[in-house]
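As written, the chain order gives the labels A, B, C and D, with residue 1 at the start of each chain.
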Amino acid sequence: MGEARSSGMRKAGRMILMPENLPPKIYQDLGLTDYEYERIVSILGRQPNYLELSMFSVRWSEHCSYKSSQKALRDFPTEGKRVIQGPGENAGIFSIGNGLAIAMKIESHNHPSAVEPYQGAATGVGGIIRDIFAMGARPIANLNSLRFGPLDRPKVRYLLEGVVAGIGGYSNCVGIPTIGGEVYFEDCYEANPLVNAMCVGLVKTDTIIKSGARGIGNKLILIGSATGRDGIHGATFASDELDESSEERRPSVQVGDPFTEKLVMEACLELVERGLLVSLQDLGAAGLTSSSSEMAAKGGVGLEIDISRVPLRGEGMQPFEIMISESQERMLAVAEPDKVEEITKVCDRWGIRAAVIGQVTEDGILRVVNESQTLAEIPARALSQEVPLRNLEVRRPAYLDNLHHYPLPSLESEKDLSQHMLELLASPNLCSRQWVYRQYDQLVETNTIGLPGADAGVVRIKGTHKALAFKIDGNGRYCYLDPFAGGQIAVAEAARNLVCRGAQPVAMTDCLNFGNPEKPEIYWQFVECMRGMSQACRVLGIPVVSGNVSFYNENFGEPIYPTPTVGMAGLIEDMRWCTTPEFKDEGDLVVLLGE
Amino acid sequence: MSKVRFGVIVFPGSNCDRDCYYVLKDLLQVKVDYIWHQEEKPKGFDCLILPGGFSYGDYLRCGAIARFSPVMEFVQDFAEQGGLVLGICNGFQILLECGLLPGAMLRNQGLKFVCQFIYVRVDNNQIPFTGAAQPGQVLQLPVKHNEGNYYVEEETLKEMKRRGQIVLRYSTKEGVVTREANPNGALDNIAGICNERKNVFGLMPHPENSSEPILGSQDGLLIFKSMLQYMEDGEFRYGGGEEFRYEEGREDDLDA
Amino acid sequence: MKRVLVYVTPKKGILDPAGQATQRALQSLGYHEVEEVKIGKYIQLTIQDNNFSESSIKEMCSRLLANPVIEDYHYEVSDV
Amino acid sequence: MKRVLVYVTPKKGILDPAGQATQRALQSLGYHEVEEVKIGKYIQLTIQDNNFSESSIKEMCSRLLANPVIEDYHYEVSDV
């Protein structure tokens, strides 16, 4: 409260909020529509300046705002007796009894992995890990779901090798076992591979921390790496006037630093454990803009950020660059002023930076200042939650009619059958995945009682009799042929895989990979898939606790198959009940269940 | 409860520290504490463990930066006074970098991280870290590393053999040392070595990740139990002689 | 025979975690004069004279030896 | 300011798996003229003038930047 600005200062500051002479329609270059721009003007009651416009453009991007998918996503069942936190936080959480809970989430990093497979995949893993420890949970397992083009193309091999090495490089270094995943090869993913990373963490129910900022006068602390020009998108600086720097100075590919992540993770978990934080949030897409507006909106408060206090890595960074940078390995925390010293000590001990960059205010405004100069003032709630939702058209794609009358070639003789069997076994889509998971540390933390290679990965929970099985599944081909049934199958398959390990499926997370939703056929696929998945979840009684949507997975207008990925958790009450797939003894009966 | 007290050193980026701690505390129920990398004079420890993980991200070279941690002077002194020092994976790399053990690690021959269960044959059970093993006993342990391709100059290798410093070698389940059993290209299938005095031991496989039947193998426990047994016996009844005679172990011609 | 020395360095503005960690390590060893460390690759190629061409060298660099999205490279040619 | 360029290379006779793999990769991309590839590190140090000394550079190299068991190094100094 001590540092709340006097109204005099605020007025003086407001002077510079007058729009600079921005080129007309610069908002279009930033990816905003006419309608969205009008909304921004009416929210602010004036024209936005460039910084404000940049902040809106990244926060209201599809990636951050879910403006095309929000409505459809409401269909998912998200409640259940175990659910502690449904979608909407950094990760979903469900209870497993004994005062313990599991946080889980999936995230896609498809486009970055297509450009730089190692770093793209690595930073994808880094992002999802931060989502988990942002809830105060210690990550206990990673999984991943991968899709590539056919393996006979050198470029595809390069992507596959890089992605797998990147996933391993990051999770192995942070020290989280990768216990499962899937990888498929299909033409439609050739130029647009899918890299979905899932992380699960264990948390005591009474130390769960959330992102909503609280307590007027509390400090806003930026923890971790310095901020550079990472991931600032090309589209963001298209205007002549503002683009004095060369493209070279603005790398949009990010390099992961798993070592720093490990230190940031340990520091944050220690801070949470010792009760030093009020709230915690990771910095992901749209960097400070997104995380601060979410923290403020969720807490029903305002936040003031002084960009002069943000530790920087790049020289001469502009305010908008600081506010939208996607530099990795950073977290944002709110803490009471008298805890700041202690927090700094903990971070120092772990060898990472903690900088007080602002404070919680009463007025609901996200205010960006540079020392005493106000640079931006935006109602946090509007920025975070009032993006105009899109009403997209749906149309059943014409290809379905042809496909449904496709003549399936018939198998002729017995000889054919064994030949086909051999071909199937040798197919990259069915053969052993050992080549992949051998590159992942599956064992660190000494909990992995079900290794990759069987239906689902299993970790035991030390100090209890319990274990948890996790599986990630999806089948783009089915969804392409029938998105509704494909969605159902994805959920059912994950559930079956868990049951095969003796686990009761209890919660789900998902990652919905689709083409351009502005095409009615694609949006139809999306809506149908969602319907199928939701229905399967309802029937099986499995709530969805978190998820992620990735649109625009296309290459030169050719969309990928609709590919929802399902990540599911199953509870094994007694780890001795955990089952394995192999035939055990000679003479045992073999029984086929189902139709 | 045993009086022996273990210390597990925590470097920035260590990630098997908690695993070692768990095995000692919960499975073997012995006294164990973490030692922070910045501590210069920790007191009252009988055995030290440098755990696996990625100290300093393994940037530059595995173990290269960690070896300069303030705690490392203490480790050196401790070793010089005959204290038991165990380095696992990254810990082994740190021991190599600081010269407590001879040789260096190159990248795996396959250029990829390898995580899998392998077999190692105990070629010397006369040291404090393998005393509980039978001669030539085969252990099933996991490896998980990028740089486990052990290298040492030929002259030194000869000396090491003469003194019985080659302790573990990658082998088949039956204990035959073959090229196929070698997961990383290590010279002579070397998986674990000790110093001349036999009180410093480094190995690439992870005994702490294989110390319980439910995790697939409990062979790793043997390493920790050997150390404990040695400490409790309170005397050096192993590996005294200058010339070490390896048990006749089978070995395919690795040079072929 | 030609000897080609290729130098691959992290692009400006791209994070170089190994360089940062090494710089901190040098500082804590007492070399406070070290302001910055960048770590790249140093690749020595031995190439047959008869098939040598600068344009293939450039190709090798941009296709395989360096990743142009995050790395810069330059090279030097000499006879051996 | 001084710029010190440090070149760290695999010692003669030491296996260089990364170099070998790169050579094979170049061959399979059609660059059959490539006879040998060796991969080392290229480290750029920026050092304050007033505390600069060659002997510290040598120390940094032999203590930290290179591992004498498997690596050689050389360096070049220039003003910036």
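What we mean here is this: a residue touches a chain if its C-beta (ideal position, glycine included) is under 8 Å from a C-beta of that chain, and two chains touch if they have at least 3 such contacts.
The UniProt protein names, listed by chain, are B = Phosphoribosylformylglycinamidine synthase subunit PurQ; C, D = Phosphoribosylformylglycinamidine synthase subunit PurS.
Keep in mind it's a predicted model, so treat the numbers as computed, not measured.
Common neighbours of chain A and chain B (chains touching each): C. The centroid of the Cα atoms in chain C and the matching centroid in chain D are 9 Å apart. One simple way to say how far apart two chains are is to compare their mean CA positions; for chain B and chain D this gives 30 Å.
Here the spacing of chain B and chain C, counted between their Cα centres, is 35 Å. Centres computed as Cα averages put chain A at a distance of 39 Å from chain D.
The set of chain B residues touching two or more other chains comprises 56-57, 59-60, 64-65, 68. Each of residues 64-65 in chain D touches at least two other chains.
For chain A, residues that reach two or more other chains under the stated contact definition are 257, 259-260. Remark: the chains found to touch one another pair up as A-B, A-C, B-C, B-D, C-D. For chain B in complex with chain D, the touching residues are 60-61, 64-65, 68, 96-97, 103-104, 106-111, 149, 151-153, 185. Against chain B, in their complex, chain D makes its touches with residues 14-15, 17-18, 21, 64-65, 67, 69-70. Of all residues in chain A, only 165, 168-169, 172-175, 257-260, 262-263, 350-351, 437-446, 448-449, 451, 460, 462, 575 touch chain B in the complex they form. Residues of chain C touching chain B in their complex: 17-18, 21-22, 25, 28-29, 39.
Contact residues of chain B toward chain C in the complex are 56-57, 59-60, 64-65, 68.
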